[in-house]
Amino acid sequence: MASHTEQDPDALVTSPDPIHPANHISSLCRKFYDLGWVTGTGGGVSIRKDDLVYLAPSGVQKEMMQPEDMFVMDYQTKQYIRKPPAYKPSACTPLFLAAYTHRGAGCCIHTHSQWAVLVTLICESLPNPAERNVFAIREIEQIKGISRGSSNPSSSTSEIAEGGRKVGNLGYFDTLRIPIIENTAHEEDLEERMAEAMREWPECAAVLVRRHGVYVWGRDVGQAKTQAESLDYLFQLGVRMHGMGLKWT
Amino acid sequence: MASHTEQDPDALVTSPDPIHPANHISSLCRKFYDLGWVTGTGGGVSIRKDDLVYLAPSGVQKEMMQPEDMFVMDYQTKQYIRKPPAYKPSACTPLFLAAYTHRGAGCCIHTHSQWAVLVTLICESLPNPAERNVFAIREIEQIKGISRGSSNPSSSTSEIAEGGRKVGNLGYFDTLRIPIIENTAHEEDLEERMAEAMREWPECAAVLVRRHGVYVWGRDVGQAKTQAESLDYLFQLGVRMHGMGLKWT
Amino acid sequence: MASHTEQDPDALVTSPDPIHPANHISSLCRKFYDLGWVTGTGGGVSIRKDDLVYLAPSGVQKEMMQPEDMFVMDYQTKQYIRKPPAYKPSACTPLFLAAYTHRGAGCCIHTHSQWAVLVTLICESLPNPAERNVFAIREIEQIKGISRGSSNPSSSTSEIAEGGRKVGNLGYFDTLRIPIIENTAHEEDLEERMAEAMREWPECAAVLVRRHGVYVWGRDVGQAKTQAESLDYLFQLGVRMHGMGLKWT
Amino acid sequence: MASHTEQDPDALVTSPDPIHPANHISSLCRKFYDLGWVTGTGGGVSIRKDDLVYLAPSGVQKEMMQPEDMFVMDYQTKQYIRKPPAYKPSACTPLFLAAYTHRGAGCCIHTHSQWAVLVTLICESLPNPAERNVFAIREIEQIKGISRGSSNPSSSTSEIAEGGRKVGNLGYFDTLRIPIIENTAHEEDLEERMAEAMREWPECAAVLVRRHGVYVWGRDVGQAKTQAESLDYLFQLGVRMHGMGLKWT
């Protein structure tokens, strides 16, 4: 079998299939721009397909992203096997890789959504230090859009039970918890904190970064996007509830 | 006359007509996604045409919905006569059927709109228990977009009077009332509460579900969509009025 | 010259020209739907071209409006010379005619924008009765998008002066004033109040209707749309300023 | 070499290239309309390409802008070499020229975004006079979308250091500062204040105009648009933070 390095790198991003990763990232970037998640070239999207990782480049206007703009990395060697000469790799790359390595994800979405940022600011302002590093909300139907991971202990409404474990998505009476890590001067330096949060919160479907945004992943694009949308909905609702003096839990 | 079960099930969802139910549900899902009503695969749409009920499946990204994704049920027997193998039926199905059975509806729309959820949260927080289970608003022009049902006693401005009954839509000086039911762990368990609310509020055009969203119906797609939009407008206006300390009634 | 009544009525709404009134109203309705001005079939648009008045029908979903849906009225006789059999004329018709008759307008736009409604609710809640029936704002650049009419006495920054009169648009230091009239049970009954407000406020470019929306006009579609957008911007900004405790004047 | 005045002026705005300035301004205007930056014909866009300056005209609906609507000016002589007969030049022209002359910009964007206006109103209302004439914010990731100019003294996280100077974009721990100048009755009279602000704030990437909007520039369209989007994001976040009682710095 031919190694990736022997083939034409541009073939890696050329396909008529709209869900080929290079095309899919481009169309997702346009959607996320319309949602206000990647304004001013912020945020990013990556897809892992088998042993190839596709990454949108740094500094490109997201709504104008094209398949030929993509970086492609060999997941085993972590070497780029396609680098568009005009661009730099995204500073989010180590964070996306953390989701693939530590969670077996197939897609990772990073947004600068203001609702994510505001939720981290609200938590930061809470009097109780125990509440500052996690966004927690319960008894909102949209929570059911988020995977429970594998071992959420508070669950009482699992959709499917296998060998006693709770699997599937969170139930209405479960508490959704998303850890918040502190931002760093350089995005690539977030990697260690992100990995630590993933170890500490083995069921979490996302990590919030204070005053920055959120990283959300999933086993494939569909799950990652559904979770990113559901979380953004919950962050926005949470901000509005807070403004009205209503509790999240 | 051939029974539905004898024909090719795929023929039930194949039509060049943009308002064939399978096509219409797909285009409505795209519109509702843009309105923020069905984010993260939440919410749903169903159309009843004669004795066929068309239902969008569970867990599909609404803005990508295709006619071939639809479930089709025989309304008389409640048996599916078309099931796309890749999908599960929507958990909203019994709720949609309640609107067809108890109200003779031709279309039912379920949204997770944040304005609907916030209105239920505001009501929940009111000091007067009598105000907690109904959203009521009056003297807003958009109320005229909502049907009065058949027996609204407070009406003084009926558009049409037949045999002494008030028919047509609510008037400007009428009070719009939408009951609020409590959410359940599993959407299908809402069925009984929904049916009870429909019996208790025989004129209501919709039922709000606390911390979840709203179910709106109509005799056809046009009326259901007009009422869903008008209600969402009133929920949003209601939230803003509440934030400014203004009364709804 | 052939009278309108002798020609094929459908020819009145059939043209390949995108700014033919029947086409133009349809495309404006789609834009206004996206702006949230005509949700739930609310609001409306009319264009007067020479002695023909084009009117969108009642109860049609605005984003689906088609040229063949239009009513056409002879402005001199006030008789419909084209009536689509499936529809009823808009209840806004007498209000649109008031703008043509009393102001010589060429286009009139009616929105149910929540910002217009909220501005009327804020004014209604003010302690000073003198402030309840007019929305007034000054020293906001967007005010310059609104015509001064012909005799704004407070103006000190006229763009053009002819014979001592101030003409053109309002200046930055002018005060924009839009009268607010009370709503009625039936939209057609607003006609008298609207005409009275137009006489009392001879320079106003629009009339707000309490708890209902706004009517905006202009000499042509371009001016009416520019004024409708500028006013909606000012209503929205006004609501946000009010929420922050900032004065409008 | 032929001077511009000898060639067909319409050739200056005719090109199949989507990033030819006449086409690019048109597509940017459509985007900015959707972002709410240029509602009611407000705001504007200009591109400088070599010694040609392209300018959108005054009073045209931005989402309908066409390449043939553009004014073209010779940057050396400041003479128009193409003037569409139906239009007047934009009153923003001297402000755009200030960005080209004093900052060597290649593109300048002027928006009436409500978030920009609200930020200037919030600053105006602050008790400390020193805070009234500058919008300052720090420790928000999106700040990294803004150029540091050439001499930001507070910087501690420069992306690139050349000869001891900080270059590239602002870092997360830098403070972004955008000066605010007072509005004038006529837009062209802002020129002197704008030039003064540019001299006083040699690193700033934009100038806010009180109760009016913002002027943002960049070395090319990509940088100007990225900065305009990042600033609008920060203005909006700043307004929301202020509403929640959170400090910007």
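In order of appearance the chains are A, B, C and D, and numbering begins at 1 in each one.
The rule we apply is simple: contacts are C-beta pairs under 8 Å (C-beta built on N, C-alpha and C of every residue); 3 or more make two chains touch, one makes a residue touch a chain.
Computed from a predicted model, the values in this text were never measured in an experiment.
Participant: Same residues or different residues where subunit A meets subunit D? The copies count as same if more than half of the interface numbers are shared.
Facilitator: Looking at both copies, the contact residues mostly diverge.
Participant: How many degrees of rotation map subunit C onto its copy subunit D on CA atoms, rounded to the nearest 5?
Facilitator: It works out to 90 degrees.
Participant: From the C-alpha centre of subunit A to that of subunit D, how far is it in Å?
Facilitator: Measuring from centre to centre gives 32 Å for this pair.
Participant: What whole-Å value do you get for the distance between subunit B and subunit D if each is reduced to the mean of its CA atoms?
Facilitator: Centre separation, subunit B to subunit D: 45 Å.
Participant: Indicate the residues of subunit B shared as contacts by at least two other chains.
Facilitator: Those would be 243.
Participant: Based on which chains are in contact, what kind of graph results: line, ring, star, complete or other?
Facilitator: ring
Participant: Mind listing each pair of touching chains for me?
Facilitator: A-B, A-D, B-C, C-D
Participant: List the residues on subunit A that touch subunit B in their complex, please.
Facilitator: Residue list for subunit A touching subunit B: 139-142, 145, 157, 171-173, 222, 225-227, 229-230, 232-233, 236-237, 240-241, 243-246.
Participant: Across the complex, what residues on subunit D touch subunit C?
Facilitator: Touching subunit C from subunit D are residues 39-42, 59, 61, 112, 114, 117-118, 121-122, 125, 183-186, 209, 211-213, 239, 242-243.
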